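Note that the chains are named A, B, C, D and E in the order they appear, and that numbering of residues resets to 1 at the start of each chain.
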Amino acid sequence: MSTNLLTLLPELILTITGILVMLIEPLIAPGRSRKPLGWLAIFGTALSGIAAYYQLQITNRTGALTGFYGTIQVDGFSVFFHLLIAAVVLVTLMGSLDYFELPVTHAGEYFALVLFGSTGMMFMTSSVELLMVFVGLEISSISTYILAGFRKAQATASESSLKYFLLGSFATAFFLYGIALCFGATGSTSIAAIAQGLAHTQTPLLAWLALAMIVIGLGFKVSAAPFHVWTPDVYQGAPAPVVGLMSTAPKAAAFAVLLRILYSGFPLYQQRWAVLIWLIAVLSMTIGNLGALLQTDVKRMLAYSSIAHAGYLLVAFTAFGPDGISAACFYTATYAAMNVGAFLVLGQISGFGEGARSIDDFTGMAARRPVLSALLAFFLLSLIGIPFTGGFFGKFYVFSAAIHSGNIWLAVIGLANSGVACFYYLRLLAALYTRPVPGESSVSGATLAPARIFSPAAGLALAATALATLALGIFPGRILHLTQRLSTEPATSGTPQALSAPSVDPR
Amino acid sequence: MNPNLLWLIPLLPFAGFLINGTIGRKLPRPAVSAIALLFTAAPAVLVAQLWLYMKSAGAPDAISVVSRPWIAITGFQVNFSFAVDHLTLIMLGVVTGVGFLIHVYSASYMAEDEGYWRFFAYLNLFMFFMLVLVLAESFLLLFVGWEGVGLASYLLIGFYFTKDSAANAGKKAFIVNRIGDFGFLLAMFLLIQHFGSLSFSTVFAHVPTAAAPFTAICLLLVLGAAGKSAQIPLYVWLPDAMEGPTPVSALIHAATMVTAGIYMVARCHVLFDRSPTALLVVACIGAATALLAATIGMVQHDIKRVLAYSTVSQLGYMFMACGVAAYSAAIFHLMTHAFFKALLFLAAGSVIHALSGEQDMRVMGGLRKRIPVTFWTMTAGVFAIAGIPPFAAFFSKDEILYQAFISNNPLAKLLWAVGVLTAFLTSFYMFRLWFKTFFGARRFDEDALAHGQSTHAPHTDAAQGTSDPSTTAEHDSGQAAHPHGVHESSWIMLLPLVILAVFSIIGGWVGIPLAFGGHNEFEHFLHPVFSTLPELVTPEHFSFRDPEPILALISIAAALLGLLAAYVLYFRSPGRASDLALKARPVYSLLSHKYWVDEIYGAVLIGPLLAFSRFVLGGLIDAGLVQGAGSAAGSSARGLGSLVRRMQSGNIRSYAGWLALGAAAVILFTLFGLHPFHP
Amino acid sequence: MVPIAYYLILAAILFSIGIAAFLIKRNVITIFMSIELMLNAVNLTFVAFSHMWHQVSGQIFVFFVMVVAAAEAAVGLAIIIALFRSRQTLNVDQVNLMRN
Amino acid sequence: MNPDRFILSLILLTPLVGAAVLAFIPEREGSKKHHWIALVFTLLTLLFTLHLPFYYIYGSGAFQYEVSLPWIANLAIRYHVGVDGLSMWLVVLTGLLAPLGVLASWNAIKTRTKTFFVLFLLQQVAMIGIFISLDLFLYYGFWELSLVPMTLLIATFGRTENRRRAAIKYFLYAFIPSAILLVGMIWLYVRTGTFDFVNLQALAAQHAISPNGHALWLCSLAFLIAFAVKVPIFPLHGWMTDAIVEAPTAAVMVLVGKLGLYSILRFSFGLFPDESRHIAPLLVALGAIGIVYGALNALVQNDLKRLASFSTLSHVSFIALGIFTFTISGIDGGTFQILNESLIGAALFILLGLLYERYGTYNMQDYGGLAARHPWMVTAFVLTSLAAVGLPMLNGFIGEFLILNGAMQSITKHHVLWTVVATTGVILSSAYMLWMIQRVFYGKLGVRPAEVTGWDLTAREHLELCPLVALFLIMGVASPFWMKAIDTFGIATADKLLAPNPGKFRHIEAETYSRPTSFVDPKLGADALGKPAPPENKGARY
Amino acid sequence: MQIALFIIFGLLAVLAALNLLFQRHPINSALSLVVVMMSLAVLYWSLGAEFLAAAQVIVYAGAVMVLFVFVVMLLNAGEEERTHGSKVAYIAGIPGAAAIFCLLAFVFLKNKTALGTTQLGGYLSSATSNIRDLSHVLFTSLLLPFEVTSILILIAILGAVVLARKEL
């Protein structure tokens, strides 16, 4: 297998699967279930995950692989995110197999869009060329714009989609501007070349400006304050499994990009962006947590919580060196596991019609859906950061990285924030387990999805996320080992090839 | 004699308590009383044996036993250890002897009571703790007994727990005693601090050479003693304690428990001798209490309350004796007091029994003929307490007054004067009681008594056990249970009376001072314990310049004066007393309201404390500050949260506005921000 | 002899007008247009830098931006149509079901 | 096979396995299946915990039954467990309270039994974990974990409509300071590269953790505040009343006191000896104030559970006062009192729960005159109250006595004043406890009892209370059995924190009371009781 | 020559952009945008990007804007109403935008000399175009993005179909 093909393997598999899904979709009669397509998509995703694992084995042996004239680089770092994205997509697909009820069509398109979108995310993580990053980002963004508006019957869905789209494009413009300025400052759009170019640039101001613009653009994608405003509205309107997906996988990819750009593109300006990220992290944690305090809509509350978690994650960025990267990667993984899990449960409990929306609707849920409630409680505990869950270890790791680099006060702010945060998680948690007030039934059975036994696939998905969350908390050793190994890679990524050499001089 | 038998002395009553306390309810009454009596008699026998041994020639001054440690930490250890010396021996004799007699008496007195088994269990429990108290060889073990008798007292005062006044009185007794214990505890901490031990032997051995805050320690101990022995300012619980059954009043609140304070002071005399200040305080408290209680006792109508105040007053005498370092006099009076006060209470109980529960002296009278045995025994007690020779208290009281007079206390003469005045008052109110109860016209309604209805006391109307037990509120309910005419008590009750009457007469003869030709054997007996005192007056040193005979004459005169006054006011012309009361209305009212001490305590201490707790602590601090801090933090977080919510207006354009502003801020910060590491 | 900086400032002006238009306009389609305006401003920047560095990669970037813009336009307009179907309005001020 | 190697892990795992088993057994209305299973597992745990005192080497102050395995190797996190004189009895205590808790819930918990017992067993796991963990990370794990089941128990089984609020309040109060505690722990880790308590303690003893006194000071505060909230120490008790009022009996039994106090003793004192000593005057003052504050508040409550909660505050303040005196007496007494307080609190709350089961109210004004109806219950109640007010020969006395004695012997500022203030607690505690007894049991039959017919203790209820009452007596008489283990910790801690002042206390050889002329060998009496008791006042240190 | 082009078309672009801002009918705005794009095309050309200039006219002004106009027509969008939506947009947004502009302008002017100038005549005087270089780079070093763009377009089609199709 040629190196080029090898570097593309997971993306390629996903793309092919997506195309297959689209091709087969018209062959299924309109009224029939689209589940086979789902299984196909699941199969493809699993395959791409295996491919990513294969890549990992290869890179373990040979070190980083570059392909396509140095536009993409497959190293531990990118493979880690490939695996993560593949896992998130897999779980999301499994969890949403039953999500689309029959009168609602487009299930086939849904699967295809998820597959294509994840291809874009994977490209984001593995590319070391900003153009490629941009294209990947657009692929993932556009597919999520569409997915956000998938429940067209709901007025909120199209609103959510529109908000996401307009503001996303707005932020993309900033990101793009940043790339342009970067190009202006260094004459290149390859990350490694940028790093070299910055060393002797004539116009450091331009580079700073570029840095700021890129942080703005990616800050929007990871929903860090003050670029978080879209998050609550979009998450609230979007279907629960999609929110699970888009609050984790594209974010993980965006974080990967941010890590790569900051650590290997702008290492020279580390002090400059560290302070910036410090501020953004504090702002995100605080705004996210405070905003969530008063929410009544569960998805909206979790949206604010995801803002806060972006803040926690950014804390890791401020820890220079491998520690920070390792911690950020680990946190991304744990966050993905627990958040996807939480949204999967929400999807299972409230169904496509989203009967249970507000916290009060969940009062006494434990009596009716004990397993789902227990799982949701577990994910919420992990989000709070209770020990022996991934959320705790992630938080622990992030903050120990921060303290290691001397950011004790950031850690104090962060952990105090996580204290505030537990209030709103607990409101939901306590609601789940409180006995409902007698005589005042919280949700009539009609608005809820029928309390069916969830499908094996969804059960598997839930079990997988729960186990992953638990395993990351109790035996984080393996993943830790991986992230620690990969943490040295972004800094050395990208051997400047074609792009760094001055292209043809017209004269 | 095997010293390990010492363990048995307190443990036997405890066994009785365990048996009666667990299965007593299921046992027949005779079995209950048999158990209780057996386990009280056995220690009495042991004590008698001990006494014989200790009196025998060549016996050690003290014997002791030590067990495994009770509390053992590095640097501090307390064992269970008992010791018997002559002081203890006297106390043991009093406790087991009087205790046994009162057990006997109770077997009949409480015969009709529903809580029979409970009563005897408690009594045995009391015996256990009291014996621990007197046998204890360390402050801590003494404290065990100290608290334990308080517990027993609490349980027995509140024996008729369905009655609020009884429950209140029990609670009050315990809490007031606890105030005393507070002092005792602090004193123990100071002792540990300066002596490293609480063992009597260790502490006392080092007292002469140690530099410790003896005054502080002693004053704290005095606080403890004042609580237990009902001295100013903590005497208030004892009169209320009369809510308990009469045998309890006799045993606990007259003969034994209340004297624990005196015993403790005597036991710690080595400490007190180092602190003249503390001694002075003790003497003043004693004298003041004696006088105060005697004045109140003059106007009480409840027969038991008169005796209660008289107890307080007599305890004041003993305190005063301790205060002038006349410890053996104090113990002497303690002993005689145990006899005659137990007698008085039991006789009063017999009177009450005769009148089916009536306690008010105003409705008694003329009982002399109806209950002759009770009358004669009571007479012995009254003469004894009044200090008429040759009854017991004459010698002991006289010894106290004499010691007060000759002591080097700066207030010696004043103390003596107060003592004599109190002697007069004591004589007066005791003969008042005597006349009002046994002489004069019959003031009770015999028919009503015969039908179980008292004209006076509404609480005797429901027979115990026949109606809902929870609504039955009886006062010495055993008495109301068998309504019949005025009658003499059974011989089971009278026998202890007679025995105690004999002791009330002859009990003082063991301490006849040299001045009256005696040998003061009592003091000799206690000499090993109080050996730090100056050598006893021996016949060689005796001289007739000694004021003792004159002082004795003065106190006899005071007693006779009291008898005369009572005779005039209550026998010759019974109306004159109330005329006098009307004339001196403010004084009378002050006395009959017990100087309003309870009310003052309520208004000055308890009321403000409760109000402070409720409004300042509960309202202001707990609800306001402690809870408020939490909710303030919560609501400020919510306030900030609602600010964040307001950012989220739902309008895309405003979102873009935030984005633009944020972008500007980020750019601005990146370009010009604080860069601590960057030039 | 036009300084590159002038081109850049022109681009900045257009970009800022784009932002302003996004903020001021109420019609969704016009807002979308203002995004296109911002993208065009970025494109101008790219071209200017491309000229400055004598590198075609900047121009290729612009080329890709055009493609992306076209794709975005397709999707964006579809979203707008969907929105119009459910709300019967194009005024963004009325698209605020979800807030706070 | 030597069970010492894995006994602690076994103790930790048994309730966990129990919880897992319960979680997979379907629940049926009215069935007592879950009760029985929980009882079996808790009894099993108790059985295992009893291994500890029997094979404990009492002379040694070192950690015993130690296991130390690598857990997360990358970060030097280990599975390190062990017990010493401080924690050994606490583990046994936790083992004992669990079956009693199950019994106390036998009738009180009728619905959602599965949830209840799973959470209850998890709570036990967390508590045992806290006591045996010697790795800071592991410890923190259990520390935070202990919040969760309790919160859910309160939220699910709370008594009034306020339950959700109370649960959240409890969690927030405990969690936020714990988050800051985590910062402190990570800081320690970053400074030293280890989470191992034993290593850290050794470093702390050599003042080798950090030269930055300021940072060390802040770090110690982070530790102390987190623990103090959990105890709770006086002004930080905002969560307590609501939580106690709401929580079901079995949960309240383990809610207050021991976790926080243990943690202060172990970690604050172990890792920050100098800083703890610095702040001791403040804590001594807060302890003394807390005693009086709790007692006075208890005095004016009408709700039985609120009263009990304030009395609990008063009691834990005693312990806080004792341990911060840094005297052997104070620390030994405080540690012993942790055991006592838990037992007494357990008995008290069980009894209140029984009253509630019968009459459905905690309002004292509705009660009255129950003594005639429930003689056994009133006996148990009075005994418990007496143990609580510190009547000698019952366990509470020894703890309080040693604590107050420690306060008097301490050399912290104003210690005499605080001792006096604290000792007034002795008066006040008897006041509110006896008043409570009077209002509930004495006097005329109250409103509720008049309407409802109650019954005296059943066999099961006897089974709950008898071990506790027996322990009150035994611990009150034979305290050295417990103290000999605790004392090793006391010596180690007090020594380090406070050098003995040889000038102040004189060394006194205890002597027997009997004169040499005595015809009895003074040892005879002691021999008869089995063991000679030579007074061992080796070097008076307080 | 170049400066004249810059001034004329730069001004035109700015004016058209402002017109977009101030016109209240979307059609007018769309047409203004077309003018901006046309002007930019000229500027691209003046900067030596002939291919882009052409693409700008064909793709942007031609295709994309036609789509816009089409949708405006389809939805029959009239003049926008004056609604009171957001104060934040004015209070925070406009100053933000102004600040962004000022900062950008500040940076560019500050680095004016370092950025240099366009060479007079530059590409204009050159006989050859840069299309060859462009395509070379596009199909070698930037081949992958080029290929991946197809996915993007696929998604766009898919999305348009999903979103715009009328539900049953």
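We adopt the following convention: contacts are C-beta pairs under 8 Å (C-beta built on N, C-alpha and C of every residue); 3 or more make two chains touch, one makes a residue touch a chain.
In this text the structure is predicted, and so the values were computed from the model without any measurement.
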Considering only chains that satisfy the touch condition with chain C, which of them also satisfy it with chain D? A, B
When you average C-alpha coordinates per chain, which one falls nearest the overall C-alpha average? Tell me, please. D
Tell me which has more C-beta contacts between its two chains, A-B or B-E. A-B
Which one of the chains is farthest from chain E, going by Cα centres? B
Distance from the mean Cα position of chain D to that of chain A, given in whole angstrom: 45
So how far apart, in whole Å, are chain D and chain E when each is placed at the average of its C-alpha atoms? 72
Per the C-alpha centroid definition, the whole-Å distance linking chain B and chain D comes out as 35
Give, as an integer number of Å, the spacing between the C-alpha centres of chain E and chain A. 30
At least two other chains touched by the same residue of chain A: list those residues. 131, 135, 138, 142, 145-146, 149, 152, 161-163, 166, 170, 184, 205, 208-209, 232-233, 294, 420, 423, 499, 503-504, 506
Chain B: positions in contact with at least two other chains: 634, 645, 647-653, 656-663, 665, 667, 671
Please set out, as single numbers or ranges, the residues of chain E touching at least two other chains. 48, 85-86, 89-90, 93-94, 96-97, 100, 103-104, 107, 111, 115, 123, 130, 133, 137, 142, 145, 149, 152, 155-156, 159, 161-163
Each pair of chains that touch: what are they? A-B, A-C, A-D, A-E, B-C, B-D, B-E, C-E
Listed in rising order, chain B residues that touch chain A in their complex are 634, 637-638, 640-645, 647-648, 650, 652, 655-656, 658-659, 661-663, 665-667, 669-671, 673-678
Touch list for chain A against partner chain B, complex: 162-163, 166-167, 170-171, 174, 205, 208-209, 211-213, 215-216, 219-220, 225-227, 229-230, 232-233, 271-273, 275-276, 279-280, 287, 290-294, 420, 423
Which residues of chain D touch chain B in their complex? 169, 172-173, 235, 237-239, 241, 293, 296-297, 299-301, 328-329, 332-333, 369, 371-373, 375, 386, 389, 391-393, 397-398, 401-402, 404-405, 407-409, 419-420, 423-424, 426-427, 430-431, 434-435, 438, 441-445, 477-480, 483-484, 487, 490-491, 505-508, 510-515, 517-520, 522, 524-526, 528-531, 533, 535-542
For chain A, which residues are in contact with chain C within the complex? 131, 134-135, 138, 142, 145-146, 149, 152, 155-156, 158-163, 165-166, 169-170, 173, 176-177, 179-181, 183-184, 187-189, 232-233, 236-237, 294-295, 300, 499, 502-506
So in the complex, the part of chain A that touches chain E is made up of which residues? 8, 15, 19, 22, 67-72, 103, 105-106, 109, 112-113, 116-117, 119-120, 123, 129, 131-132, 135-136, 138-139, 142-143, 145-146, 149-150, 152-153, 161, 184, 202-203, 205-206, 208-209, 497-499, 503-504, 506-507
